[in-house]
Structure formats: structure tokens, C-alpha cells
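Structure provided below as C-alpha cells; questions to follow.
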Amino acid sequence: MAKVPVQFTLNGSEKAEFVDSGTTLLHALRDKIGDTSPKGGCHQGTCGACSVIIDGELRLSCLTLAETCDGAVISTTSGLSDSGVLHPLQRAFLDTFATQCGFCTPGMIMAAKVLLDHTPNPSRDEVVEALSGNICRCTGYEPIIQAVLTAARSNSQNAA
Amino acid sequence: MAIRRGRGVAAINYPTGMNLGGDPTQALVHSTPTGNFMVTLSSVDLGQGMKQIMAQICAETIGVPTDRVVVDTADTDTGPHCMGTFASRGTHRAGNAVIQAAREARQVMLEVAAEELEVNASDLETDGQGNILVKGAPQKSISIFDVALSAHFKRGRSISGRGMFLIPRSYPEKETGAMKPSTCYAHACTVAEVEVDDETGEVTVLTVKNVFEIGRALNPKMVEQQLVGGSWMGISHALYETTEPYYPNRDHGGTDFNQYLMPGPGDLAETEIIVLERPSADGPYGAKGPGEMCANPQIPAVANAVFDAVGVRIDTLPITPERILRALKAQAAN
Amino acid sequence: MELRKSYFADVRKDDLHEIGQPRPRSDSPGHVTGKTAFFADRNFPGMLHLKMVRSPHHHARIRSIDTSEAEKHPGVVRVLTAKDVPHNVNTILILIQIGPEDETVLADGKVRWKGEAVVAVLAETERAAQEAAAKVKVDYEVLPAVFDMEEALKPGAPLVNEYHGQNYYLYDSGECRKVRFGDVEAGFAGADHILEQSYQSSPIEHAPTETTGCVVTPEGNDRFTCYTNTQAMFFTLDNTSIILQMPGSKLHFVGGTVGGGFGGKVDVIVEPIAILGAKLTGRPVCFIYSREEEMQISSPRAAEKVVIKDGVMKDGRIVARKVTGYTDAGAYSRHSPYGAQKGAGHYPGPYTIPNVWIDTYCVYTNRTPSSAMRGFGVTIGDFALEVQMDKLARLIGMDPLEFRFINAYRDGDMKAHRQPTEGAALIECMQEASRAANWPVAEKFMAMSSYVKGV
Amino acid sequence: MALALQTFATVNDANAALKAAGTRYLGGGTLVVRAANEGDVSVSGLIRSTEPSLSTIAVAGGKVRIGASVTMAAIARHPDLGALAKAARAVGGPAIRNMATVGGNLFAPAPYGDFAVALLALDATVSTDDGETPIETFLASRDGSRAIVTSVGFTLPPQGGFRFLKVSRVKPKGISVLSIAAVLKQSPDGTVASARIALGCMADRPVRAGAAERALLGRTLTADGIAPALAAASDGTSPITDPIASAWYRNEVLPVHLGRLLLA
């Protein structure tokens, strides 16, 4: 089987791997690199559990072929906490009890991070829109919406 | 076009645990040499928070802070038998098993402390902070840390306990159906308020006010998680979900999260949750199982609210815009 | 959320240290950092991927299966059919003596629902397994199928499952589970109004974000470790032991961190065949449902039909209630006979009614086998009961909430299944709902209590 | 055959590669990679082109040209395409919009393809290396189309001249019960001078509401004025039945939603 070299930056570290052509980024991250924070919930693009940030944009790693990410800068939830200090979003998810089974959580946090990167003080509607591609079956969404709003508030307080 | 508003109520009860009993769960508890406690189970955490709740139950029973307890669960090489996490049984069955195991471990712990303090074990109590005190003379105390060290290295004792909880199986009487389906029941009452678009049949759930009686809220924030999520699922069942939209016709079953409908984050009803506690006689610290019942009363409450709004009864789930529109057209034709 | 401590304060001590405290969840830090290990986060070198060849027909006889092309496909390591499964016909509740065994792990001679597992392909990659699965040739003779419960119960309907011999589950009480309390016909005869209504639901999917699956690795000492998201560890281990005719001591199940269950992961479907694959190849095996399989292959909540006939007095008392419940099990039992029976124990709801008649049926049709789901045996019944309550209240011109107070059960009331009510709290829930929703009811109802009979 | 991706610098070379059996063009991946993930083994070769023109948006003199690889997100945030932002945002959630392309949307079967509905109302042309095709013709023959779509072009409607509505069960991201796009020109007296109305989910691909368009001519946008158009809204359509809604339902509510869009 044809192996293709892929190089990208993952959570600040250079990664270089040979993957089978046609391998999705989700498989490359989980099975080759060992970053299992993106989850495979549907492999259809309908659940958002595999969400990662590629070059500043939210993307679905299950529908992205690894070899199209050559040279890209990729962020996942596993790279979010800095030296063991939780990111404000992670902190807020804990404080607002926004996780239950936890399977959707990494994807939710990625979707929320992209939002806050571009819109530090989002409205509730903007949060709803930002999370709309991510399925949660446990929480009924409200605690997650509250977590993102809480993180935004704590960010703006820290900035002030 | 008219948006019409209505409200409906429903009240329900729900049995805790496997119907007719016969569903055992076992637990083991032991202390480490420095007085931390390990709970060993084979129960499964589905996201409802089994591990955290069992830690709190063990901590309460032993008399230590929750962060001194570690739960090792769902490994069949180490954990004793649990029937499984379903039927609202996890907290109730496993919680009782953990209490029994923790009580036995606590007794050993108090006996070792009694030897160290040279008093009777029955004269000792815990302060919940990790210390064992002589009742009425709290200045005479020993830390659980020291008791565990003594048990392990000096006195050759195992601070441990075994727990087992089993509701005996009930067999229904053939002719009358006399049986004991459950030993405790949770309760709920929901009032739902909806808007119905009478030209399209679309329903918006504006508010749901849910009152749940769950025996005891062992961890109120985690109870809230289950109840809020369950309330959402109830609304979802009422209005959206099915794998066979044209049942009993088998065609057009959804195969993804786009086709299988559930309310999105833009469809949320304003949700109010009120919890009452009537402790159950056989529940762990009175707790009943709230996990399933919390998703039930919204379904009929929404159905009744739809009727209140537009005067048509949809007796088939889910209550889709199509079913409402067909009923409205039939109503107009009559 | 608000805790209303004023209710039942006299029967509850609030003197606990850890219980009742909103302690943070110990598992959340793992979730928010992506460190929590779900079963599929385990990856073993040389792991094979299992894909299932499934029936395209609702009901068919299998004339022949030809796996020769699939076996030759590059990357394929092993192809499994019914003859490879040591004890191929099983039912999960056999552990608690609820039989008969009625479901094949891999189809043997017949398929009874569209999507039924026929052949398992084990290959080096998912793609190779998919390609090989497409090369398995199954020759089917399509048979008439039945999808409607009423049709299935009629004489002459296609027989769905030969292990039962008829299209309903045979209880020791006969074709249905029965509850008989008082004299329901006398109750109807004395009622001011009678209302008979029929309610229906269609199947519902649990839709956990993590699909059903497992990863199995042979440990080299004749034991197999199975990382699984089952909701019931020993239930799965013990059934696997039966299906594979393998001592339970050879099996090690690790799980307990599950990406949502809701009842959908109580069936024992993926583990036995994956462990068999690992045993026969000596390689790690993963078998994870695709989302499409989770949606249409994994058991849904059963469709139900509930017919309720009530006799009610002008003053609001329900004097007789007859309920006939039908649970659509699909092609196999799984947990449905139990669910239908649970319904019998739940009716007539949280109300005290002197004359009750209940029949609940578990019916077989040629659809995806249904099984447990959150609220199993009760959820659809509650929908039917509580819509019926609304209709009854309006029929006699009474406020729907007040109507429920009149009939609500209280401590000591005898239930239809002949257990006295204990620990009732329906009245208090309704009182609080009345306040919270600003839905006033008469003062006499606000003064009621679940504790003792009588206002 | 394992799945393999080939990348070409030019559309020309990619077109040549697409002549091989078992190949599909890879746009945003939301259709093709999904099919591969779900076990569609008929596709073994994925072809893509990185030609820069595929990813550019050009707006000049009221004329718009959008490269086929341009994503829904890029359209939604483009300062000159504000009128179309609603239609672009109708596609998927945020991650899907960062991936789904204009070219791909032309091939998306109902209930997908909301942006193609907008393009149909805009009377767009679809470009390949072989030339330009009116979108209506293109959609009708898309199943047999092999040439890579390079861009779509259309004239920007005047301010307020473009209307778009998507009806979905789930908010904000659900797939369509139906979608409606309309380009209306009104005379100084307020009567409709021209109308192009396109519908999604009223067939397996976007279709025109020809009878409704004709019935609107010379009429005012009032309840009475549009009544004949609403009565004719579903003429010639064959709505899909899917898990979201039946053909019956789509047929019933099309006039309701079209009316709301026209009176908005």
C-alpha cells in the first residue's frame, strides 16, 4: 500500500509520519500519533466529536485526509492545557458540570475555542451557533452553553 | 398564520432497579496503608457519575473526605459482580453494596483505633475530616492515617469490608399478576408550555417546569445534570425521535445525526428543575434512581400542551409537524 | 435546580458530610483534557478490523454462502460463519432463566430482519474488511415478512421466529403477562363515562455519541482481555462464555467508561464474535459499530401500542381501568419479554384504581430486535396513561391537575399488582408543580399529603 | 483496492486522472470521504487539484465568480457577498462550512445542497474546462458529469433582491425540510417585474418553481397579490420523502413558507 509522508505541527510539536494514502486525519492522530482526544463518533461529519482546529479553523478530522494537512498547524484538546494548568474553557466545563459521559467534550471544547479565539465576548446565540455541529446526548446542551459563556467571562476578566 | 400557545401537565412514578428484583451488586472496600480507601466494583459509569457517587457514599460511611476514596470499577479481574448499569439501579444497588462494605471496613478501623486509644470501639466516632475521636472527649483522637499504618504494620489487621445488595426476585402470580416489581419509586410532575404554528404544525417548547422526587440528592450538581439532560431527552422523544419515521413501514430509517432528529442547542426549552427528597427506606442514604424517570413526564406534558394549543390529539409518537398538520386539516374538514 | 427541603423534612436528617454535597466529578478532568480512555482509545499492534456482512432482506432463507472470494482478498485474515460459533443460538436473559434461546450470533439458514449479521470478515484494515465483505456471496430465498404487530398476531401471519413457534412470547401466564385486580367489568358498568383510546409509538435510538464496540487482545496465556463499552460487565462476560463455550476464567473484561449508554449497550452482540475472532486468529480484534449500524442495527427502544379503557365518575374518580400493551420485539427477544412484563407491573400508573385488568404482549415482527432503553417498559406507557388522564379530565370537565390529585396514590393504597404503596410523593410533586407553574388548584388539594389516606 | 489520493497542480491534469475507473473528485470531503468511511468500496481513487483559481472569489462590476473549492465559510464572511451569507450559513455547522465547497454543493443530493438552491435562483453559470453551462442544465445532467467544476458565476442581485429561507426541524443546524431562494425585481409601482424562485427538497435536486414565478409577474407582494403564486408553488415538483418529512408534508407547507418569504 502506498505510504505518504505527512508533516504538520500538532499542539506546538512537529510531527512527521508515513500514512496510507487516503487515511483520515482522525485515524492518523489517534492510531499513528497517539493523540486520542479527537473521538470517532460517526465518521460521517454529523457529530463533531472529532473536531480539531486546522490553521485556525474548526474542521472535522474524520472527513479530512491526513495528506491534505501537510504543513498545517493543528490543535486538539489534548494540547490545550499549558503545563498542567487548565485552559479557561476546560476550567469552565469542570465548574459548570458540563461533562457527563465526556465523549463529546473534546470536540465541544475545540468548537468553543475557535469561537472565543475570534469572538472573545460571544452572545448566547453565537455560542449556540458555534456548538451547533457538535452532538451531545447527555447534557441537553444548556450546561455546555453556560460553560462557554463562563469561560468567555473569565477570559475578559483576566484581560481587564 | 397563527402561533397558538398551550400548556399541559403530566405526573408519573418510576420503579428503581431491575423489575421484580433478583439483580445483585457486590462491592469491596479496603484501606491502603496510609488510610485511603479503595472501592472495588464491576459497575459501569455511563456518564451519570457512578464513580463519583460511589466515592461520596463510601466517604460518608467510613467518615473521611471524598478525596480520600478511589473507585476501581468495571474490571472483571478485580471487581465483584454487578448486574449492570441500567433500570435506574446503579446508585441504588451499588450504593447499598458500598455502604455495607464500608461499614464493615469502618468497624475494623474503629477496632484498631480503639486498641490504639485504649477505649471501646463503640465509644468512637469519626469527624468526617479524617480523624477518629472519643465521643464526648474529642481531644482524645487519632488520625485515620495513623490507624491505617497501625493496622497494616503493627496489628496485622485488614481494614476492609464486603458488601452485597440483592432484592430477592419476585415471580408474578400467573392468574392475578400479584408481584413486587420494585421496592422504591421516584416521582415527577412536569408542566410544559408550547407554541404551535397552525399552518405548519411546528411546535416550540417554551418552558418545562419539572418537579422530581428522587429520595435523596446524593450530589445535587450531578443530580441536576441528569435531570436537565433527561428533560431534554423527554422533549426530544415527544417531538423528534424515531428510527422508523413511517412505522410500521420500514423505509426511510435515519442513519446519521442529521436524519435522526433531536433538538439542537437552538431548540432548548427554558427548563426549571425542582427536587424533593422523600428518602426511600432501602435506598443508599435514601436515594432512589432518577436516571430514567426524569425523561418521561415531558412526553405526555408536551402532548397535552399541543392539544391545549390547537385542539388536536396526537396519540402517536413522535408528535411531528406532519402529524399535527394532518390532524388540523382533518379537524378543519369536519 | 432548586432543592425544596421543606417537603418531607420530618422523615429526613440532613446531617451528612459528603452526601448532599456538590463535589466536583472525579472523571471530568480526564474528559476536558481528552485523557479519559474510552475502549476505542486502546490500539494494539497487529489489530484486525471486523466488519459484518448483513442481510439485505427482512426475511429470507439462506440457500448458500460463498466466502471464497472474500477469503482470497488481500488483507483478509479470517472469515467467520455460523459454523464457527460454538454455541450459535443464544438469548441474553438465559442467565436469569428467561428463554428460549432464539437468536443466532451469525445467521444459520435464515435471516429474520434486514441488517442481521450473516458473515464476519477480519482483515488488516477497515478498508480491506469492507472490500472483502462486498465479495461475500449469499444466495437468499426471500420470504414474506410482517412488520405490523396486529398483522403478526393474526392466524396465518408469516412466522418470524421458529424458536418461539408463534409471533408472541409465551409467558407462564400464557400469551401475555396479566394483572387482575377487583372486577373491571363491574367497574365499567358502574361508571358515569367510559373512554377507550389507543396510543402508538415508533422505535427510538439511544444515539450515544460513542457507538457500541469492543477491542479484544489475546494475552498469550489463553486468556482474552476485552475492552468494551458494555453497560453490564459480567452479564456480557457470562453470555460470551456460553456462546463461545469458553470458561469465564479465560475472559477478562475491562470497561466502565462509556460514551453514553441509555440502555443500548446492555445487549451482548459485539463482544462474543470479536473474542472468537481473536481466538481463531491469535490477533487483537476491534469491532466497532459504524454510526449507520448504531442507528439501524443496534437495538432501538421498542415500538409500543397501548390501548386504555377507563371508567370514570363525574366526581373524578377512576373506577376501572383496562390496559392492553403490545411491545414490538422485532425478530428476537433480547430484553423485550422482560420489558413487556415490566409494563404490566407499572400500569395503571401512580393512581389508586379499584378495578384493574392488564394484559401485556411481547410481539415478534421482521424488524431490528428492540431492547432496553432509558425508561424501558414505562416511558411509552406513561405517555399513553398521562394523555389519557388529560382526556378523562376534559371529558368530565375537570382541571387536569386536580383530576390527578383525586386519583393519586398515597401510602397504604393497594396497587393493582397487590403491593401496598410505600414512600409515595406524587401529591407533593404536583403541589410543587402547581406553585412553580402558577397553575392553581383548590386548597383541599394543596392540603393533601402522601402520608395518610384521606384529605 | 485501497483508497488513494492524487493531487494535481492543474485542473487539466486532474481531469485527465479522473478518466480512470473508480475515481472521484475530492472537494471538501463532506460527501466523498464520508462515503469511503461508510464502506463505499466503489471509490478507490480520489483526485484533487490545488490550482489557485479554484479557491478565489472575484467580484467586479456586479459580476461574481466563485471558485469551486471556495468554502461556505469563505462566502459567508466575504464583504461583497453579504446577500448570500444566509444561504451559505444554511449549510451544516461551523466545521462543515469550513470544508464544504461550492462545487460540492452542486452535487449534494436533497435534502442537502441548500447553496445550490440559491445559485439556481441567481441563474448562475457553472464552469468547467469545457466551458460554461447554465445551472439548470448542469443540475439536470449532474449525475453523469465527469469534468471538474472550476467555478460558478452570476450577477449580484440589487440590494434586497435576493431572499432565502431554509426550513429545518433542528436549530440551528438541521438539514432541510425545504429551502427556498428567490430573486425578485419589482417595478417602481411595486409590482413584480421578474421572478426566479428555486426550491430545495421539492425534487432530488434543486428545481425552479416556474408556475409560481409566472403567477407573480405583475402582482404586488401582498397576501392577495401572491395568492395565485402560492397556489401554483408546487406545480411540477416531486418532493422527496426522507426521515425529515414526507413528500405530502413538504407539498403542504411549501406555499406557507413561500408566502412568508415573499411577504417578509
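Note that the chains take the letters A, B, C and D in the order they are written out, and that residue 1 is the start of every chain.
The definition used in the following text is that a contact is a pair of C-beta atoms (placed from the backbone, for glycine too) under 8 Å apart; a residue touches a chain by one contact, two chains touch by 3 or more.
Note that this is a predicted model, so its numbers are computed, not measured.
A.B. asks: Given the two chain pairs A-D and A-C, which is bridged by the higher number of C-beta pairs in contact?
C.D. replies: Higher contact count goes to A-C.
A.B. asks: Report the inter-chain centroid distance for chain A and chain B in whole angstrom, where each centroid is the mean of the CA atoms.
C.D. replies: So the centre of chain A lies 30 Å away from the centre of chain B.
A.B. asks: Just how far, in Å, is the C-alpha centre of chain C from the one of chain A?
C.D. replies: Here the centre of chain C sits 33 Å away from the centre of chain A.
A.B. asks: Distance from the CA centroid of chain B to that of chain D, rounded to the nearest Å?
C.D. replies: It comes to 47 Å between the two C-alpha centres.
A.B. asks: What positions in chain D touch 2 or more of the other chains?
C.D. replies: Residues 2-3, 37-38, 172-173 of chain D each touch two or more of the other chains.
A.B. asks: Spell out, as numbers or ranges, the residues of chain C touching 2 or more other chains.
C.D. replies: 25, 27, 125, 127, 207, 257-260, 262, 290-292
A.B. asks: Got the chain B residues that touch at least 2 other chains?
C.D. replies: Chain B, residues with two or more chain partners: 46-47, 49, 221-222, 224, 228, 230, 233, 245, 253-254, 256-260, 262, 264-266.
A.B. asks: What topology does the chain touch graph have (line, ring, star, complete, other)?
C.D. replies: Looks like everything touches everything, fully connected.
A.B. asks: How about chain C: which of its residues touch chain D in the complex?
C.D. replies: 51, 125, 127-128, 130-131, 133-134, 290, 292
A.B. asks: For the complex, give me every residue of chain A touching chain B.
C.D. replies: 42, 44, 46-47, 97, 100-103, 125, 127-129, 131-132, 135, 137-145
A.B. asks: Could you pull out which chain A residues touch chain C in their complex?
C.D. replies: For chain A paired with chain C, touching residues are 20, 22, 30-31, 34-44, 46-47, 49, 76-78, 80-81, 86, 89-90, 93-94, 97, 99-106, 109, 135-138.
A.B. asks: State the interface residues of chain A toward chain D in the complex, per the touch definition above.
C.D. replies: Those in contact with chain D are residues 1-2, 4, 20-22, 24, 43-45, 48, 51, 57-60, 62-65, 67-68, 111, 114, 128-130, 132-134.
A.B. asks: Where on chain B does chain D make contact in their complex?
C.D. replies: Touch list, chain B to chain D: 1, 199-201, 240, 245-246, 252-254, 258-267, 321-322, 325, 329.
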